[in-house]
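There's a structure below that I have some questions on.
Per-chain numbering from 1; labels A, B, C and D assigned in written order.
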Amino acid sequence: MKKEEMTLSKQENQMKEAKAGRIDRTFVNRILDGLTEQITADRRQFHKNPEVGWTEFQTAVTVSQRLKKLGFNVSEGRAVIHDASRMGVPPESTLTEAYQRAIDNGFDKKALEPFKGGFTGVVGTIVFGEGPVIALRFDMDALKIEESRSEAHLPAREGFLSSVAGIMHACGHDGHTAIGLGVAAVLSKLKPFMNAGTVKLVFQPSEEGVRGAKSMVKADIFEDVDDVLACHLIGNEAFGKIICGSNGFMATTKMDVRFSGRPSHAGSSPNAGRHAILAAASAVVNMHAIPRHEAGASRINVGTFNGGTDRNVIPEEALLKIETRGEQTEINDYMRQYALRIIKNAGEMHGVETDVTLMGEAIGGKSDESLVAVIKEVAEAMTIFDDIVGIDSHAGGSEDFSYMMSAVQAHGGKAAYFMVGAAPVGTSGVGHHTHEFDVDERALIASVQVMIETVVKRLS
Amino acid sequence: MKKEEMTLSKQENQMKEAKAGRIDRTFVNRILDGLTEQITADRRQFHKNPEVGWTEFQTAVTVSQRLKKLGFNVSEGRAVIHDASRMGVPPESTLTEAYQRAIDNGFDKKALEPFKGGFTGVVGTIVFGEGPVIALRFDMDALKIEESRSEAHLPAREGFLSSVAGIMHACGHDGHTAIGLGVAAVLSKLKPFMNAGTVKLVFQPSEEGVRGAKSMVKADIFEDVDDVLACHLIGNEAFGKIICGSNGFMATTKMDVRFSGRPSHAGSSPNAGRHAILAAASAVVNMHAIPRHEAGASRINVGTFNGGTDRNVIPEEALLKIETRGEQTEINDYMRQYALRIIKNAGEMHGVETDVTLMGEAIGGKSDESLVAVIKEVAEAMTIFDDIVGIDSHAGGSEDFSYMMSAVQAHGGKAAYFMVGAAPVGTSGVGHHTHEFDVDERALIASVQVMIETVVKRLS
Amino acid sequence: MKKEEMTLSKQENQMKEAKAGRIDRTFVNRILDGLTEQITADRRQFHKNPEVGWTEFQTAVTVSQRLKKLGFNVSEGRAVIHDASRMGVPPESTLTEAYQRAIDNGFDKKALEPFKGGFTGVVGTIVFGEGPVIALRFDMDALKIEESRSEAHLPAREGFLSSVAGIMHACGHDGHTAIGLGVAAVLSKLKPFMNAGTVKLVFQPSEEGVRGAKSMVKADIFEDVDDVLACHLIGNEAFGKIICGSNGFMATTKMDVRFSGRPSHAGSSPNAGRHAILAAASAVVNMHAIPRHEAGASRINVGTFNGGTDRNVIPEEALLKIETRGEQTEINDYMRQYALRIIKNAGEMHGVETDVTLMGEAIGGKSDESLVAVIKEVAEAMTIFDDIVGIDSHAGGSEDFSYMMSAVQAHGGKAAYFMVGAAPVGTSGVGHHTHEFDVDERALIASVQVMIETVVKRLS
Amino acid sequence: MKKEEMTLSKQENQMKEAKAGRIDRTFVNRILDGLTEQITADRRQFHKNPEVGWTEFQTAVTVSQRLKKLGFNVSEGRAVIHDASRMGVPPESTLTEAYQRAIDNGFDKKALEPFKGGFTGVVGTIVFGEGPVIALRFDMDALKIEESRSEAHLPAREGFLSSVAGIMHACGHDGHTAIGLGVAAVLSKLKPFMNAGTVKLVFQPSEEGVRGAKSMVKADIFEDVDDVLACHLIGNEAFGKIICGSNGFMATTKMDVRFSGRPSHAGSSPNAGRHAILAAASAVVNMHAIPRHEAGASRINVGTFNGGTDRNVIPEEALLKIETRGEQTEINDYMRQYALRIIKNAGEMHGVETDVTLMGEAIGGKSDESLVAVIKEVAEAMTIFDDIVGIDSHAGGSEDFSYMMSAVQAHGGKAAYFMVGAAPVGTSGVGHHTHEFDVDERALIASVQVMIETVVKRLS
């Protein structure tokens, strides 16, 4: 920390020379230089200790403790997570196991307590003065993927591979969380020079499967927010590229569907059974046959189908994992409702009961042009980016950040979601959610800088 | 009629010589010799004037007038047809048109009156004395088939082709009705020599599509019946063959299903429609996939599918003609109920309304062994049959005679259904319901004889 | 014709006063005033004698004779229609019947000859001098719709209802053809004042079902064309609205699919059949289930399904009328190929043969911005339009004009398709392809004017 | 062994008193009394050490060693198992693990050697003299079922529960193998008194899933066999019941089907994938829709369906476990061929590759009436059976003993399969293949006696 402190005092001197109330790029760059080591270390620490959605106990405690140390006012656990709005919470055993791992890893029991049961959200607030409230969102969860041990994979070479079998940060959220702590550190240092506005750093659990954001919105975190921003590292786009605003969020619904029939011997009494696989197969074909929607892109997928026990038994159970999407929320509504109707009737058709569990949901979302323009201006003024895109509308993926965007836009605020190229040096990167996913760590610093400068612009 | 009368008086003389109360084969044969011409003429008359189910106006009047002339007590129209139990009654326009044709052909309006609106059944009763009641059933309806004009086809060569475009006796019911009138004529002549029992001749409309029998049963015609018999001419089995009892009736249900959706432009607003063809197609595939029944043969068929108006319009309507069958009534029940469930849910799945109309129904049926044995004895004593089968159980077809069998068996009576080979001379015949279907007219006389001798045996 | 001539000489006088080589709006307006009666009369004449695709014998002869009279160089029949590229040609009997109707209506046999067999295209060329070649396209075919006799329907009130049962101009092509003749008349009058360029008037058969345009393109009509334009009257948009360029053409393929199985008795030998309806139904469900395309809107529709003969027969045949669409040609290609694969395999799955007939096809198309800008400038300068839209991209419909656009754009030319509001006075109009479809005849004159002024601008 | 020896010498004495060449019931009963303890002990030993199909290493060695000790001529391993005709052989790892377990349990490596790799059949032959050859078949394999530890379950109470997790004798094959060894012991004792014929004891692996019998037939074991018999203990029929001949074997085919598609992201590029679950679901629905067969009962079942990895990924793989059945071999052939056609085409329809592995197969089979009559005579003469059924034709299950029946019948021999009620004392038993399945051990002795007396009758 010594180098950092030194740098800071140098900065303070420079600042005094500058006009009061003005923070320039050079100043921010110097702060960032001093934080690079910490941000990278944080990212690697998170990478090494990945936690899946609703079990981000170690991550949340780390975030909470750091924010408090940096002088943020911190809310956490049930205060920022609305219980009934959580989706896709894993079974008790998974929660307990992850919680125990946190304890085994030496995390403080008292600090863990607020997050128990899967309330792993943290919000840190810093007030500079009167004026606009800006929220920045960082997602923290990892994926159920076994990480590659290949020497070509940086975490393997540098020794920060996942320490948990079958779980891995393969979507960059380790980086996002580290960016969030980096932003916190910078804001803390900028505090003396800021005189207006408030910044909320929102650390969200369970973005994967679009399960967590709604519960933070329903906890009323965004009621006073004027601007909300989030960023995403893109592991297979070159470092130097930035998309300043994404419009391609599809509204989506994730559902688990259970078909419960009745078993019987397939040879001697086929009519006595109620064929869960036959019902589910009929649902699969019919769901894919839902007519297209005139208003834009729609999607449906039955991603997994598991049913039956024995070849010679009319199968009693079948479980489908499905998702619908729509370019707009109304299209996803159309798809979801139609799919639900098909599921119910495909079951009844074959005397089979059906049970649908909502596992995740996101609405559509669009970045506001005016806020994207600010980000673009920031990016253009930086020297890092050589490929700057304004708004990108290619649909396909989904993000529950859309709930936060919508909540803020609903009362007249602005939202933007920007994406930063982060393909590992010398490569074109690999797809997200694959076992060799990695990011160029320079993109973390760049992202912190974009966020900070955008905040400063908005609060000046 | 002269020849007949002459023959008769000869018979009467012979009879006087014989012992009172005994009717032997020679005597019956002589009566039959005298009736051959009439029976053949009747059959050709009916063949020339075919009438589809519930429109047998000319046929019914012909039967009614003849029975009365022969001294039978005749009930007809609504007295023998229970209105609410009729199935598959054609539209008003069809009824009216056929009725008008009868008038145009010179049939007496007053005689037609009782049958108006499609109550085209006739029952003639002859009482010999105390004792058992025997019912004999004859079906009268034709089919919607355009008759062949080929010279190879006897009706063409001999000039008694159907006079009605698109309608044809292609299942031998013209012969059955002529057999019934032949039986009536013989019974009338035998009356002086019989001293016990009653015979009811039941002329049934609308056997095709199994639509008529139930309505005669529900009119309580069979409440006092001890034995019930029917016969069927088999156009593609050699003359000389008789199957004395059929057990192969499958229970069956005939249904018309309408899927009513909502049209919309397939290019600009596919989601605004409700796709009747998609719903119906899903029903088709799922109905054929109804699991087999452990207890025996089951069947399902979607025989016709007609829907939609234009290639570029989401189709509003689709109409299916379907049937289910079961080796036993319970199996058909299983199939029908499952099919109905599929129809309803295939519709709801796609937001499409469904409407099912019952068009015909028959239960399963089995001939009684003891009654079949009598027929077999009769057949064996005749010189005509060289291929005599007892009970045949090969399933496949359906017959609504099963309702009559069941009604009689329910109160302890006996039933039998025999089948007489009738392939046209020098050929192996063609399948029923095809446009060159024909029968060897000798089989008509043989059938009359089997019926008469069986009746005589049962009443002696 | 007297009034017209008088007006003309007045115009010529005025023209002499004007500067040579300059044609102003006032001049064109005056010509149009003189043609209004003729254009309206033409439209009503075509409306009264509607002819479906490839049978536009009367229409084509009328067009040909008029163009010749106006001094155009005319090509027609096989010279402008490439035989093998025609799609969805109706059966010989339909062609013969329509041809005979033309003869019966007094059309000259010799004049009809070139169009015999369904080669009902006409191209009229007028050369002003060196310079660009502009093609204007007018489609001529009617629809199989029975016209409304309601008094609310102008053709009924004014006595120009369709004289052919079951056929009607319900998509405005009567108007388009009349516009074409109006344009011809104006160009003929402008000839003395033009000194550069060539105009080709392309009268196309069989646009409905997108069957005709490709055959004109393959006849090499557009090889030397620099600009190509077409317009469409919109019966349910207010008069006064113009969309200067449509981009919403979906590529599309129209196909008739025959499933040929084998009949058998559904009760006695279901396994002996090959179930055409079962195979077709499986194809229907699977075709609608083709996965969505990432690149944009896709469509599939089974618009009609007709199969089977009797309820109790495994159906031998089923006929589907289907169409695919895609926002871009590649998307339609994806849909068509996938659908063909499904059809083939759904047949083979059930031992059923399949046969696909291409009934129509169109590619996607986009209007060129620069040419649309000219049209927009023209519209803005006119006083008629109060609702002027530039490019409209809402997808949904299809138009085989896209082949002509693509042919011209392929060698560097420009294309545009504009749409003119034409809801009948005092109404908001009814949908195209419905039995009360009608257009405000003022829109015809307005369309002629837009075309003429655009041509003049491009050739000045 | 002491008691047995003593008993034997007693029997021998009695035998000397009897007439030479005559073996009466009393004599056999006495031998059986002496063997009861051994047969029961054998059954419990096998129950405790269950081995699934093709891994019956311990069982086969036990059988082989015993037969040799009893003076049988023994063939085993590849000599009696035709490699290429084996079906459903488990993966190498399963074979190796089971083999190692046999070694760990102290079985002699040299004795195990012939069975290595899953050739776990044994045939013991005893020659009495010239004359007929009788084969008796005993199946040896267990099931993948976790045995109940309930005190209500005899093996739990008496301490002979399965020692292998997840594997259990739940279909009575432990009893069948013990019966086989009991028969061997009796035959060995009877040898001095027999003077004609040969008996082959056929110990078959892998009857479950109908995987093993064909490979023993193809090893030509039955070429010289005149009579072949097998018995099955029925755990849920009362002890005292015997069905002397079963005709209810359905021909059957067991297949594993792999659908291999191509993954892609379900949101951003659904068209780039090849949807294995969609293809498999279409196959499921269509396979269940195979039309019924006129000649008798048919069956199809998709018993398990497992596919896909993630909700948001177009699934790459799906695996179905299916079976077809037919009341006759030709019906199963029809079902199998139709199902294979559907699988192939459902795959191709969606661009998905399919791969089918034959996992088991049996043909239909019927017991010969004359041989069943002998068994019935035997059973009637015994005092144990109070419910004796001749031939039972209820279809539903399948047995690969049918291959052996067919092989013997093909050259004019006779076959019979009898079933012995074996519900545990005081209960009505539980279904086969359930975790509390058990048999009344008295039924073992009764079965040995039926077999011995039938053999003696046939060789006398």
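Rule of thumb we're sticking to: a residue touches a chain if its C-beta (ideal position, glycine included) is under 8 Å from a C-beta of that chain, and two chains touch if they have at least 3 such contacts.
What you are looking at is a predicted structure, and each value in this text was computed from that prediction instead of being measured.
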Applying the document's contact definition, name the chain pair with more C-beta pairs in contact, A-C or A-D. A-D
Which chain is most remote from subunit C in terms of Cα centres? D
Measure off the straight-line distance from the CA centroid of subunit C to the CA centroid of subunit D, and report it in whole Å. 73
Averaged-CA centre spacing for the pair subunit C and subunit A, given as whole angstrom: 51
Averaging only over C-alpha atoms, locate the centres of subunit A and subunit D and give their separation in whole Å. 56
So which stretches of subunit D touch two or more other chains? 268-270, 275, 278, 282, 285-286, 288-289, 291-292, 294, 299, 314, 396
Residue numbers on subunit B that touch subunit A, as the complex places them: 268-273, 275, 278, 282, 285-286, 289, 291-295, 314, 334, 341-342, 344-346, 348-351
Can you list the subunit A residues touching subunit C in their complex? 285-286, 288-292, 294, 296-299, 396
Using the touch definition from the top, list the residues of subunit C that touch subunit B in their complex. 209, 250, 252, 254, 265-270, 275, 277-278, 280-282, 284-285, 288, 299, 301-315, 318, 321-323, 325, 359, 394-398, 433
